[in-house]
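What follows are several structures.
Look for chain A in each of the two complexes below; its partner is chain B in the first and chain C in the second.
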Partner chain A sequence: MSTLLREAAFLLRQRSAIVGVLILTLLATLATGLGLAEVARQQDSIARAVALQAIDEAAVARFVEDGGSAAYYSFHVAADAPSNLAFAALGQRDLAPFIMRIRALALEGQLYENESTNPEVALPGRFDFAFVLFYLAPLLLIALLHDLVSGEREAGRWTLLQSAPRSRGLWGARVLVRALIVFAALGVPLCAGAMLSGAAPTGVLAALGVVALTVVFWTAVSLAVARSGWRSAVNATSLAAIWFGLTLVAPSAAHLVVNAIVPMPQGAELLRANREAVHAGWDLPQDATMQRFFVTHPEWSDTPALRQPFHWKWYFAFQQLGDEHVARQSQEYRDGIARREALARTAGWVLPPLGLQQALHRLAGTDGTAQLAYQQRVREFHARLREFYYPYMFNEQPFRNTDFGLAPRFDTGAGSSRASGQP
Partner chain B sequence: MKRAILVARGELTLLLRSRVAALGLGTLLALSAIAAATSYAHMAGERSVRSAQQQATDDLFAAQPARHPHRVVHYGSFAHRPLGVLAAFDPGVDRYTGTTLYLEGHRQNAAAFGAARESSGLIRFGELTPAFVLQVLTPLLLVFMGFPMVARERENGSLVPLRALGVQPGELLLGKALALAALAALAMLPTVAALAAASLLAPTEAIGAGMIALAYALYLLVWVVLIVAVSGLCHRSRTALVTLVAVWAGMTIVVPRLAADIASRTAPQPSRIENDLALQTDLRRIGDSHDPNDPFFADFRRRTLQQFGVARIEDLPLNYRGLVSLEGEALTSRLFVQYALKTMGIQRRQVTLMDRFAVLSPALAARRVSMAAAGTDLENHWRFLQQAEAFRFDMVQRLNRLHAEAVDFADDSARSRDAASERRSRVGAGNWAAIPDFRFVPDTPAGRLAAAGNSFGMLLAWLCLALALGGLAARRMRAEGP
Partner chain C sequence: MHEPVIAIRSLKLDRGGRAVLDGLDLEVRAGEVHALLGGNGAGKSTTLAAILGFLKPGSGSIHVGGHCPSREPDEVRRAIAFLPENVALYEHLSAWENLSYFLSLAGETREPAAMEQALNAVQLHAQAWNTRAGGFSKGMRQKTAIALALLRRTPILLLDEPTTGLDPAATHEFNRLLGAQRDRGVAVLMVTHDLLGAAQVADRISMLRGGRVVREWTASPGPERFALAPLYQAFTGESAQ
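Up next is the complex of A and B:
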């Protein structure tokens, strides 16, 4: 213990080390603050959208006459609230929308629009806790540890230290103090942020585990190089090059490889095929459309026959047939993204810094898998909307104003912590 | 000068003999070649896919059967975001904008799909493109090569004998800078070759390519001078290295992200859905076409009847429903343009704020020139969005005019109930090919670069700052001298 305290005192006397630790603490705090502010913005944005949607609903209620027009004109807000750990790793939530407005019409055309974020703001990536942890903390560890051996040798104290009793304990304490200080500089702001956002203790512990593993990994790499017997400058150059390769070059190379292995189907083709199938509904004989619809939806086949060129149930039948027409294409598109995600995770096993970063985003529920899960929940919600509106059209049940209140609501998952990793 | 060249030659000989330097330079050239080749192949593929998509969209539109024009308004069209030749050098915002924009009546959609949403989280680490290699990778390599250049001489105690030989500190620094600049030039070689090839293939892009080369040459020169100056100011080469790596991380990694986050907090942009909903509310305030007693549309009906001198809408020479569609679309489109301008204003403010951070990082200035010249910046994206909206409005109004002129009002009113009226309310298939296709008109190179002027100024200011630092180092060395 006394060795630890002495080493801590030594470190505190090194002005450059203190400046480095202070800068990291400051940046981690700033990043946590910016992350919390961004999460608050997303929550406000959802609250405002829900309030505005209520106004929209009231306006629609004034003119709809039947279930068909209610289904046609009513939008339903489907928002994906940020998890309690989202502040630490904002992930892809700036690009893919976290609020959608969904109608009971053909779904495929409603799912793929991007959020209208400023693309130049999205380009460099977010300044969040994950960034400080995975990009900057390793650099500080390298700066603190690269001259562990060579610094003493260059100062002429090496032989003396080696001959001292319990010299092994000295090196261990020296390394431990440095790693612990970096861990604290990161862990304290993270815990403060987690407390402010009310994250569940298990999630915070898991996130702290990611922080600890990151610190351990870079400490181990720095030590491996520091023990090599080269000069300090050579150590620092090698370590900076390793950091650069693992953090910047390898992931972008992995990106190229993953995208080459899994080509994506063209989204535009999916949208066009969906549009063709839906709009062809207007040009095909009504009976043929209804018969095709009844094949997959026999529960509506006993409903009254069509007597005029337009009926809402016919209209919604060909909307749904349009979705079914591209079901395979749509599944292939999603599978492509999921396969790319899976391959990227495999790359994460090979490249520990990448794997740890993915783990933190997984915990925060802000990665591509979380996006896919949200989209899946929107699909299920859309199916419930169809179930809700169809009886009004197919059974010609009257739609009263009070029926708007019976429509399904999307569970935004607000206040939940997705810390356990489930979507 | 002669002595400076001798110093440079000596330094280069030393570097060429060092295995580490050769390895570093070899890695850089290899990465640079991989980046150029993959980026070129990817972008060439993307360009041809998008133009094929546009062709397929246009063909489908023209081949529609006889339809009611309002059906076609809802059928709509797609605009596929095209790419310029230089996008292969710097894809800029392309991965983040979405590629496919659905254009239909009554609605203004956002672009869908795009590489960022299809590429797992890996894309957020940055992409291995020639621009990334020059902005981020090359400066770090120059740091690795250059940090000991002067500090080593001091550590070895060879500064004094050099002075005795008549080498002035200024000449020494200049010589070291020349040697490092030669390495930087070598690192830029693959890029310059690729840019030259692009200019030969598309001569109109030559100015842009030249500007990109010039901006990166200036940017790397800033780094060269900065590195030699810091090496001259530090007493130990290790201090020089740690300082330079910190400066590098700050300038190329931290400041760009921090700038983006601060800009988006300072000028917050509402989410797309909030905007849509606010627009709907505004729209209802002006006129609600669903409300038969709406004052705006009641007034429109009165004005129309008056204009044609008839008492009932049935007696109008044109289909009143088509006229209402024309008026309604004009109304909504005015709001679309208004809201888009508001969003554009916010995003431009964010970019202006981000550009100010170039005071802290020359990388931002270099990136600005590079994206502007490649036509992959925010401005070019807005140009696409605005042209697509203008096209959408024109397409919808042509269809609405067809609705007003070619569809009989009585048939139009009865088409939901009567099959014969429904049939008569369709207009011939020959009409669709007459609607023009969407073609994006990119800005001229001069127009694209107008906004980049400030960034060139910023790069020059950085060069002056680096030179001043070099001057300071030379003065210190003179003071230390014998």
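Up next is the complex of A and C:
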């Protein structure tokens, strides 16, 4: 212990080391703060959307005449609350929608109409804790470790150091101190952020585990290169190249390979196909539409025959047929995302920095799998909306204003309970 | 006569396919200053490296205080204070802090009074004690390292060109310090090119050539300890080869 304290004090006498550790601590703190602010912004947006739904319902209630118009004009908030660890790794929450205002109309188009994003916004990515951990912290570790032995040789102190008894323990202590200081520079802001966000201790421990593994990995890589006996400048250049390859080139290449192995349609294509199928419904004979609808939904086949040119049940029937028209494509799309996620996880075993990055996003509930799960909850919620509104249309039950209170509500908190530390 | 604290027998050591030490026999006794002279590439520094356990011999044996350097390096290094040829200190630390740090590496601490005494003994002026070593001259670095060797209070001193960088007055003082160490029973093995310096302070001088001791002189009692002429002849003849 005294050896570690001595080496810690020794390291912290070096101005360059202090500056490096301070910068990393500041960046990790800033990233944590920005992550917390973004999560607070998202939570505020969700809270405002939920509050506004009541005002929206009251406005709709003033003019709706029946269940069909209630279903048509009512928007239902389906929000994905951020987990308590989302501040650390915002992941896809800045690209994929976390609030949807769902109607009982065709669903597929509603799911993907928010998908298109400004690529210029997406390109730089988020400055969050994950960015500091996976992209910047390795650089400090490389700076602290690349000349651990070679620097002493070049300065001419190596023989004096080696001539001391127990000198073998010196190098271990120096490595450990450097790794621990970098771990602390990252771990303290992470823990502070987790306390502020109320994250579960198990989740925080798991996230700290990811931090520790990242530090261990880059320490091991730095030492492996440093053992080669090259000069410090060569070590630094080699490690910078490895960092560039492992954090930027290899993950991008893996992404391209995974996308090439699993081709899949764009969400926007699904949206267009769904909208075209729905709009085509206006031009088809009503009876033909209803018969097609009854084939897959026989429970509504006893509905009274259509007597007027427009009836909500016909309108909602061709909306649902529009969803069924793209059902195979939609399933392929979801299967594709799941397969890409699975392949990316496999790549993560080969590329530890990528795997650790995925692990943190999984813990934070901000990865592609979490996005798919949210989408699945929206689908289930939409199915409940149809179940709620269809009896008013197909059985021609009267719709009273008080019935708005019986409409299903989306559980926005489901996301947070799922992903506050469960990998 | 004391038992040898460093005993090297028939030592052979290859580096890069070349025999650097080729049947070296050498003994250093407690209370003796033993100077090892030789030209470039004679194997002087390699001998020190082998004694410290940095290099593993191909054959032969080394015993330092009864311990084998390659098998028990910590025991051997605990008994040795080593002064390298080119002393480099941590530039962001002061002389005082460098001493404290290197002492703590050896698992040792010294009272401030002992540190002051050692720094005074090597004549490092007091203003430099708490100044960052980045601005030190070679002589100041050397003096700090000598103070460290004294503070270690080990039974053996290994010195690699110890007076390089010291001015004549400091060299004289260093020789006096070395004499004091000998009187305390410390065994000193000194690698040097400084024939006159060695003749002033050493009790024995060994001439190393081709990785083995080829000549050895022992100091006589009286003011002229060594006959300088044959020593000089042997040394310059050796250097010329």
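The rule is short, and it goes like this: the second predicted complex is superposed on the first by the 397 of 423 C-alpha atoms of A that agree within 3 Å, B and C clash if a C-alpha of one lies under 4 Å from a C-alpha of the other, contacts with A are read in each partner's own complex, and residues count from 1 in each chain.
Following the convention adopted for this analysis, a contact is a pair of C-beta atoms (placed from the backbone, for glycine too) under 8 Å apart; a residue touches a chain by one contact, two chains touch by 3 or more.
As the structure is a computational prediction, the values presented were derived from the model and not from experiment.
In the three-chain model built by superposing on chain A, chain B fits alongside chain C with no clash.
Of the two partner chains placed by superposition, A:380 touches none, neither chain B nor chain C. In the overlay built on the shared chain, the residue A:411 is in contact with neither chain B nor chain C. Of the two partner chains placed around the shared chain by superposition, chain B is the only one that A:135 touches, whereas chain C remains out of contact.
Between the C-alpha centres of chain B and chain C, as seen from that of chain A in the superposed arrangement, lies an angle of 90 degrees, given as a multiple of 10. More residues of chain A lie in contact with B than with the other chain of the pair chain B and chain C. Applying the stated contact rule after C-alpha superposition, one finds that A:287 touches neither chain B nor chain C. With both structures placed on the common chain, the touch criterion links A:59 to chain B but leaves chain C unconnected.
After overlaying the two complexes on the shared chain, residue contacts for A:368 are found with chain B alone; chain C is out of touch. Using the contact criterion defined above for the overlaid structures, shared-chain residue A:341 touches chain B, although it does not reach chain C. After overlaying the two complexes on the shared chain, residue contacts for A:276 are found with chain B alone; chain C is out of touch. Of the two partner chains placed around the shared chain by superposition, chain B is the only one that A:113 touches, whereas chain C remains out of contact. With the two structures overlaid on their shared chain A, chain B and chain C come no closer than 13 Å at the level of C-alpha atoms. Contacts from chain A toward chain C in the complex involve residues 6, 10, 13-15, 155-157, 159-167, 170. In the complex of the two chains, the chain A residues touching chain B come out as 16, 27, 34, 37-38, 41, 45, 48-49, 52-53, 55-56, 59, 62-63, 77, 91-92, 95-101, 109, 112-127, 131, 135-136, 139, 143, 147, 232-234, 236-237, 240-241, 244, 247-249, 251-256, 258-259, 264, 266-269, 271-272, 275-276, 279, 282-283, 308-310, 336-337, 340-341, 343-344, 347, 354, 357-358, 361, 367-368, 371. Residues of chain C touching chain A in their complex: 49, 52, 54, 73-75, 77-78, 80, 82, 84, 86-90, 92-93, 97, 101-102, 104-107, 145, 158.
Residue ranges of chain B in contact with chain A, taken from their complex: 20, 24, 31, 38, 49, 53, 56-57, 60, 65, 67-68, 71, 74-76, 78, 80, 92-93, 96-100, 102, 109-114, 116-128, 132, 136-137, 140, 144, 147-148, 237-238, 241-242, 245-246, 249, 253-254, 256-261, 263-265, 268-278, 280-281, 284, 288, 290-291, 343, 346-347, 350-351, 354, 371, 377-378, 381, 415-419, 421-422.
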